[in-house]
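Below you'll find the structure I mean.
The letters A, B and C name the chains in turn, as written, and every chain counts its residues from 1.
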Amino acid sequence: MSAEEQFHVNEVSQSYWQVTFDNGPVNLLDPDTIDQLSVLVERMGNDPNLTVVLFRSEKPGYFMAHWDFLADTARVAGMQPGPTGLHPYVDNLVRLSKLPVATISEIRGRTRGAGSEFVLATDIRFASERAVLGQFEIGVGAVPGGGPMARLGRLVGRGRALEILLGGDDIPASLAAEYGYVNRLIPDAEIEGFADSFARRIATFDKTVVAGIKKLVDIATLPVDDEFARGLQAYFATAGRPDNRPFTQLLFQNGLQQADGIETELGGAIGRLRRNL
Amino acid sequence: MSAEEQFHVNEVSQSYWQVTFDNGPVNLLDPDTIDQLSVLVERMGNDPNLTVVLFRSEKPGYFMAHWDFLADTARVAGMQPGPTGLHPYVDNLVRLSKLPVATISEIRGRTRGAGSEFVLATDIRFASERAVLGQFEIGVGAVPGGGPMARLGRLVGRGRALEILLGGDDIPASLAAEYGYVNRLIPDAEIEGFADSFARRIATFDKTVVAGIKKLVDIATLPVDDEFARGLQAYFATAGRPDNRPFTQLLFQNGLQQADGIETELGGAIGRLRRNL
Amino acid sequence: MSAEEQFHVNEVSQSYWQVTFDNGPVNLLDPDTIDQLSVLVERMGNDPNLTVVLFRSEKPGYFMAHWDFLADTARVAGMQPGPTGLHPYVDNLVRLSKLPVATISEIRGRTRGAGSEFVLATDIRFASERAVLGQFEIGVGAVPGGGPMARLGRLVGRGRALEILLGGDDIPASLAAEYGYVNRLIPDAEIEGFADSFARRIATFDKTVVAGIKKLVDIATLPVDDEFARGLQAYFATAGRPDNRPFTQLLFQNGLQQADGIETELGGAIGRLRRNL
């Protein structure tokens, strides 16, 4: 693969890796992300000693902005199914959740849409006051594709899941913590040390036990794969509609996918721009 | 139907309706409510443009007090099943939840028993500090009939659901928000504007996407219809028992169903009156 | 049975019992606890008038510390299945949850491991600021045996359940309340009166209704028995491994199972001691 490496893996020890995501000024997800995450998840699954992985970002203000609206949709549509039989976009997320490895997201910036779907596929989410989450897809005419209907419904309950998904607005970290969208809020000045200590703690534990606990929590909490298949199908049926294009172009005119444009408050911007259509 | 209209529909736009509930000084639910809600839900389901409905009350202190204890029970018992095959009381609530329309409850007063069951059947619940929720049915000798065992168990978890249902006490808005019984607390001075803005935002979105998201959240979060059938059966088996009557009469002697009687703190009143039996 | 009575039953009234747990300075659970809890659960299930039971501890700082590491494992392994067909350790917990009786834990001290599993099997958990909960089993090389993967996953959601179970750290009462691990926090000076009033309230209600509500909440919230069977199997497969012994011995050298040793902050102590291995 000739694409730039988006997931920088720092093998802190045999049992503990830090993975820093890096793709442009706002950390977009794109077809290369799908290919590279597939490889990373397989590597994580095959390592006999790996017990815990901490996902981070060093982009100021952004964990993972969202899916790249300029991505090659034909390339995505043509991708071969992954090991679960699902399209690799959701296959990655489903496999990530089921790894016999503890996965932690340290969220210090915006993570919306596909970024939110990524953190929801990790086991544990710690967020600082700089984090902003959300599923804004409804605002651009699409059903979210990575299964947040399945995951948020079970994680935060029906009422809050529907508020997040039908409102499509920004969810600041404090509200995300109140709702259980993230585990809890850790002050930004402390979160790096906190998440690292938490990961190092798990790294001292027995991988067999991590795997054994996750297997049973999976039974109690994970959606069946078919829910992800149906979610992605709904995404493909809605996201590419020509009717959506003018509004997406309007978003680009207002700075979409730029670090200091409407990305800073995308939920609010979508509300204003749609009201004035 | 000769009954007074209880659901006042304000078609703010093609895609956004406000519905104000209005039935006596404390907004009781009664057999007419069942008939009229059935018509309203069908109308909401058939409208091709409707995207969001906001439910409100203009009764000071009351959203929907509860089921009318003086209602004609023979009329209720004799009602024909609704489209789901369930008794229309729960049929309405089940169909309301599954509508391809976002539904929001703006709760600024007491909503207990059947009122709580109504708001639990809507998608999103915003509450001001004046809201009081609860399922007091156990205090009058009945298993609640509209499925809160099925809904609260999934929404707030087993422990808190059992506290609400077995304690039968008033749940003030702040505790309801802490428990996830409502989405969140919005100051009373702001909630009208907040809920309206939230609804207007959704009204700018594509109805197809609202429907698509709800369908998948339904899979993740809704009880099967049979749980509602069993709940209503348990209600009919317990609510009408002659043993319950003296206590209900005592409640009426203390101002039940009056705006300034024990309705203001029904949970506490039931506790005191039962202790002194 | 010649063992000391560990569950002191105070029949406050026909419908309301207080049960105080009492086993050594930190309230350990051991094989006698299993035998005696089996008898107690059966007694609770057979009483025609019992409506509510409040579980308490009078040990300063401890509700139920955890399983006794010095217990006779051969005796436990040789125990006959209980009425559910499950090993009596989990059989007790499964039967406790399904009793037609409201059960409340008043938690004013540490309750970890098997103690946490006990309170999770009761219906309602009130905790004072002196409470500390946790599932530290991963820190001693074991998958927890009493089903917290099944219960916490449904009670607090996947993310927080995995934090509790994979982190294995102490969860102070305030965080436990934020996560829904306990219902809510009640100031220590008030919790005794609060829990007693709550129980007395339920004691005035109709046992038939308590049973009817619980039956339907059970459908919505309880794991199937097989999840408990699998959890206990994972415990037996991991807990007794010889590899775990040196670390357990190190814990004993540091005051394990003593009221003022590392039991006071077991989660933190495990972290420190493992880091220095």
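Just so it is clear, contacts are C-beta pairs under 8 Å (C-beta built on N, C-alpha and C of every residue); 3 or more make two chains touch, one makes a residue touch a chain.
Note that the structure is predicted; figures quoted are calculated from it, not measured.
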*subunit C and subunit B are one sequence twice: same or different residues at the contact, by the over-half rule?*
different
*Once subunit A is fitted to subunit C on CA atoms, what angle does the rotation have, in steps of 5 degrees?*
120
*asked:* Distance between subunit B and subunit C based on Cα centroids, please, to the nearest Å.
replied: 35
_subunit B, residues touching no fewer than two other chains_ = 151, 154, 156, 180
_Taking the touch rule as given, give the residues of subunit A at its contact with subunit B in the complex, in rising order._
137-139, 141-144, 149-154, 156-163, 165-169, 175, 178-180, 223, 227, 230-231, 234, 237-238, 243, 271, 274-275, 277
*Touching subunit C in the complex: which residues of subunit A?*
102, 123-125, 151, 154-156, 180, 182-184, 198, 200-202, 204-206, 208-210, 212-217, 219-222
